[in-house]
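In what follows, chain A forms one complex with chain B and a second complex with chain C.
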Partner chain A sequence: MDPLVAAASVLAAALAVGLAAIGPGIGQGNASGQAVEGIARQPEAEGKIRGTLLLTLAFMESLTIYGLVISLVLLFANPFAG
Partner chain B sequence: MLSDLNYLTFTHLASLEVGHHFYWQVGNLKLHGQVFLTSWFVIALLLVASFLATKNIQRIPSGMQNFMEYVLEFIQSLAKNQIGEKEYRPWVPFVGTLFLFIFVSNWSGALIPWKLIQLPEGELAAPTNDINTTVSLALLTSLAYFYAGFSKRGLGYFRKYIEPTPVLLPIAILEDFTKPLSLSFRLFGNILADELVVGVLVLLVPLFVPLPIMALGLFTSAIQALVFATLAAAYIHEAMEGHGGEEHHEEHG
Partner chain C sequence: MSDSSHESTTVATDSSQVDSQGETPKESMQDYYSLQKELYVVTLTTTAIIFVSVWISYNLNTGLNYLLGACTGVVYLRMLAKNVEQLGQQNRRLSKSRFAVFIGLIILATQLSQLQVLPIFLGFLTYKVALLYQMVRALMPSDPR
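Let's turn to the complex of A and B:
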């Protein structure tokens, strides 16, 4: 493989997953904070809030996973390696 | 997708067992044998469980029957929450199949020591860590919601593309492609990431340290099965209802 392509791919893989983690990190923090606030205000709704929170956290996490998929493709199945 | 690309290039930057497969040659097709083996195992497990549960049905359930009734009620409530009281019934089998297959696949990948069984090439793992499995599940979901929309609203189903304003037509069409894409990538990425993290940690510290991550993996894979089934049900509901909530208004007013 061309060393330039290899170097660029590794760098891009790291950037893809690193940058993709920023947004969902902020979003998950916000959501969790709001959920804790909701539970503090209304402790009897804890079960419902927790269920919804877990589901939404999974959705946000999947955004990072998209970045991870891109970086995995770059590392293990690089289309530019040929 | 991933493996097709891989099979074209043959060069790897890292030497973890990603993209190595146990190929079966059927005609002109190359099949990923390890995925078939593990998914047959999962299917057999589910069949045996449901057979045991229904073999000797009692009025007062106990043991296996009790457990499977609990599972069924869980799936029914999932479908009812998303699709609604009136129309959820015919979709329980589909949503339930998705949930159970994904859930048992994910947990079998994490709980059963597949790596002890040596294959000539590649290794056994959860069937859902191959993108072909998740793409096929996601495409089935697409077919299901198209079918739901057509059978419920006929050609009026296409109105949803131009409903609020025709300007959004390209985005509405794009949505039909991004739905299966995001469904399949989410499941595939989560499961593969999980196994990679555990693999890397086992490589670094073989004892005790990976255990909490494995427990977290069990939790996330259960959540991913739930998310997949919930989203499938939500898409089916959306296809039957349309974007605007007119029917809702009529019901309430």
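Let's turn to the complex of A and C:
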């Protein structure tokens, strides 16, 4: 593989997973914190709050997974490797 | 003074354990378990339908690749559900160990010539169908009136 392509791929992989984790990380932190606060305030609604949290976290985490896939493909199955 | 503070603590604890409808936190967790069960059932049903469709449309190898991804997706969803269940009780933060399953699968798919990345990745995303189904169901009004 061309060293320039290899270096660019590694940089792109790092940026892809790093940038893709920022937004969902902040969102998941906020959502989890609020959910735990809600459960402490209303323990009788624990099941519903946890259910909503599960769906929300799954949606948010898929954004991180997209970045992860891009970086893994760039590292292990690079389409630009001649 | 210590007696009154003890009394107020007892009252607060009692009111947190049983709500106005007599539902305790343990009973309310049944909602969560039934949601989890529904998610698994919808995911597995969708997986079975898509697996057969892919087998007919493409070939068995692609179908099995899809099935591998979908099964990993179910494992991932189960790990996430367990994490959410333990959040605030045993764990104070969400663990990231479930990503290891996905990373391992993708690395395996890129290294082995029999495996293809795209069907595995699309199979992994099958659990999102169940999530979308649940979201649409939650948005629908339960009472038509």
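Some notes on this structure:
Keep this in mind: the second predicted complex is superposed on the first by the 82 of 82 C-alpha atoms of A that agree within 3 Å, B and C clash if a C-alpha of one lies under 4 Å from a C-alpha of the other, contacts with A are read in each partner's own complex, and residues count from 1 in each chain.
Criterion: a residue touches a chain if its C-beta (ideal position, glycine included) is under 8 Å from a C-beta of that chain, and two chains touch if they have at least 3 such contacts.
Treat the numbers as computed from the prediction; the structure is a model and nothing was measured.
Residue by residue along chain A, chain B and chain C are tallied for touches, and C comes out ahead.
Once the two complexes are overlaid on the shared chain, A:Ala6 sits against chain B while remaining clear of chain C. After overlaying the two complexes on the shared chain, residue contacts for A:Ser32 are found with chain C alone; chain B is out of touch. Touch criterion met: A:Ala81 reaches chain B, while chain C stays clear of it. In the superposed model, A:Leu68 makes contact with both chain B and chain C.
Touching of chain A by both chain B and chain C, each in its own complex, is seen for residues 54-55, 58-59, 61-62, 65, 68-69, 72-73, 76-77. Chain A makes touch with chain C in their complex at residues 28, 32, 35-36, 39-40, 42-48, 50-51, 53-55, 57-59, 61-62, 64-65, 68-69, 72-73, 76-77. Touching chain A in their complex are the following residues of chain B: 2-3, 5-6, 8-9, 11-14, 16, 18-19, 182, 185-186, 188-190, 192-193, 220, 223-224, 226-227, 230. Put simply, chain C touches chain A in their complex at residues 16-19, 21, 23-25, 28-33, 35-36, 77, 80-81, 84-85, 87-88, 94, 99, 102-103, 106-107, 110-111, 117, 121, 124-125, 127-128, 131, 134-135. By the touch criterion stated above, chain A contacts chain B in their complex at residues 1, 6, 9-10, 54-55, 58-59, 61-62, 65-66, 68-69, 72-73, 75-79, 81-82.
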